[in-house]
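Worksheet: one structure, shown below.
Each chain gets a letter, A, B and C, in the order it is written, and its residues are counted from 1.
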Amino acid sequence: MSITEQRPIVSKLEKQEIYRLLAEGKRVDGRSLLQYRNLDVQLDYIEKAEGSALVELGNTKILAAVKVGVALPFADTPNEGILIVNAELVPLASPVFEPGPPSEESISLARYVDRSIRESKAVDLSSLCIIPGRSVYSLYIDLYILDYDGNLIDASVIASVNALGTTKLPKYSVEGQNIKKLDEYFKLELKDLPVSITYAFFGDKYLVDPCLNEEYASDFTISMTVKSDDRFCAIQKNGGGMISPRGFLELLDKSITLGKELRRVAYSKIAVNG
Amino acid sequence: MNEKISLFKENGKRIDDRAPDELRPIKIKVGVLSNAQGSAYIEQGKNKILAAVYGPKEALPKHISLPDRCILRCRYHMAPFSTPERKSPAPSRREIELSMIIRNALESLVMTSLFPRTVIDIFIEVLQADGGTRCAGLTAAVLALADAGIPLRGLTAACAVGKADGKVIVDLNDLEDKYGEADMPIAYNPTLDGITLLQMDGIMSKEEIEQALSLAITATQKIHKIQVEALKDRFSVTKREV
Amino acid sequence: MSQSNEQQRQRPIVVPGEPVGESRFYHPGMNILKISDRMFSTTVGIVRVEGKRLDVISLKSFYQPKVGDLVIGIVKEPNIAGWTVDINSPFLAFLPLSEYSEKRIRLTKDSIGRILETETVITGVIKDVSIFSSPVITMKGKGLGVVSNGTLLNITASKVPRLIGKKGSMLSVIERATGVKLTVGQNGRIIVHTEDSNIVAKIREVIGMVERESHMYGLTERVEALLVGRKM
């Protein structure tokens, strides 16, 4: 069952400061309301994985790794490869992350990243078929949250796409119904570069890329994933509270503008094909 | 995904003969279970969903309680026989996410500060699924809360909008959900003019989202009217039984 | 309009989110959500206006203890300092040993569990309500104590005032017609001081009627008719 979360206490004075600054269009760490933290991307961090990236967004640190295998395709998509996203909120990253079965936060995070990649068609799953109905590539993206300072969603999408951008798949030779792994690799082609933009709301005011204190003090967040062609492929409101329809529509243009900028910075290290 | 399935007929109607902005038939009954403090049943198209509310009651174990408000516990669950293929009764990742999304939508609706240290349990059981179950389930859960006598900041109605065969449509059925281009579930509280549940997957442009949102507001207002009627029906004594 | 049409008329039911008035005309009372100068109901209920105060009386609600309320409790569990008591509310109440009786209890002779056994029905008064601990009840006072005989019935807590009626009018109609005393707890529990099954059945019917028709005009008359077996 989903239970009302127990947020760590943010003192009244800290909250007041956030609200006071918000009214002046400022933030505690000196950023403007629509400014992202510094972003650092390190490619191929895990050599044993077929693709990987370590992303630091301010103090939030996320490692994404892609493991490639061969699997039986799903019955309803016999010609398509398999993509699975899993997120681990590693206990060493935060006192609120606990060991044990995946929490609803980690499930919801993984499913949002999955939708951002799948719906944007960043990976052409039909290019990952070896023998229709029998053998297809499986891509497991494992997200490891190593340090938690807010905005896991945007950082996780950036980490996943970068990890996919570095992914190399082993080639297979097909003999009848059998396949044989060759000592050759080919690069996974990315067809799109989706980015997620997350807003934290305080009453009717909002800011992007909330750090942890801002996230805890906020009423709710809204994340939107924008494709390279400025269309949207995933949206999600997280947390209680409510937004007026007008307030929501206002975010669409903002996300397109912010998305262009963030995409340029986030994916400068991986080449795009197609 | 099979892109070849056509979701519109030549006459411009949808596969179930609806216009793009037309809701499926909706039937709602409030107060259908004997043990629950509050309950409601909804049929929307072929969806058949029960919602029940227990509480407020003392939050136990004590460490889950909050000193200044009541907490909500929500379980959205699909019966094994609700889908064409039998679904395992164990909660799937999808059900865990939807339980959270529905709870989030209810947090701002329930006047939680009136009952500190208590818990309200909300159960949504999908008996038959036909697309849009989270929305229909939420529509029913809100009525179960009202039926339980729990003070609410108005009522919330929910409906999915989306896109199929390039057209923006309202209240997607199972096929449109599966083979359409986008699905955007929305819950809206007309009293407070607030969206409390918002998700989207699939691809839509800014203009399409704007159009879909306006359809969603109209659709949820229609569902809200049906909610109000169902609640009043529950407590009316038009036919005296004596 | 004929008398019986008037009686059949139903007070309009409002639902959560329904506008009930404006704050320039009324003061918001119970179950009201005020947004700028507009007032909305937060519950399914009936609007009541008294002077400038506007309330919505809930048609269904659970019991929230208030100091001074007479309640009917069921002993749940003895512990070292008293008993926990179910009062049909989100919280269990606590009956401290010191509130059990005017008389001194010598614990050497009787264990707490034997003084008041689990499942015993008691009448008590809410002595203290705090958000930090359980509501406290007392059994000290006239007419309070253990109830060993009679029949226990239930009604939605928000309908207790209707069952009692203005200045006890409804209750006295019932007691007069049946010749039986009733103890009505604010927490929606009622003790009928008889075990005569015919009378209890009649009173059950009356309670069902109050439960269903609390928002109808002329309820007291219909209850009276039901009790004397008159057709209306």
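Observations on the structure shown:
Following the convention adopted for this analysis, a contact is a pair of C-beta atoms (placed from the backbone, for glycine too) under 8 Å apart; a residue touches a chain by one contact, two chains touch by 3 or more.
Computed from a prediction, not measured in an experiment: that's the story for all the values here.
Viewed as a contact network, the protein chains form an open path, each link joining two chains that touch.
Among the chains present, the centre nearest to the common Cα mean is that of B. Across all inter-chain contacts, the pair with the most C-beta pairs is A-B.
If you average the CA atoms of chain B and of chain C, the two centres end up 34 Å from each other.
The distance from the centre of chain A to the centre of chain C, with each centre set as the mean of the Cα atoms, comes to 54 Å. The geometric centre of chain A is 27 Å away from that of chain B, both derived from CA atoms. In chain B, the residues that reach two or more other chains under the touch definition are 189, 192. Residues 8, 10, 13, 15-18, 31, 33, 35, 40, 42-44, 58-62, 90-92, 131, 156, 158, 209, 212-213, 215-216, 222, 226, 232 of chain C are the ones touching chain B in the complex. Contact residues of chain B toward chain C in the complex are 37-38, 55-58, 67, 111, 115-118, 146-155, 189-192, 228, 231-232, 234-238, 240-242. Within the complex formed with chain B, the chain A residues making contact are 1-4, 6, 77, 102, 104, 107-108, 110-111, 115, 119-120, 220, 222, 227, 230-245, 248-249, 252-253, 256. Within the complex formed with chain A, the chain B residues making contact are 1, 64, 66, 71-75, 93-94, 96-97, 99-105, 107-108, 121, 184, 188-189, 192-206, 209-210, 213-214, 217.
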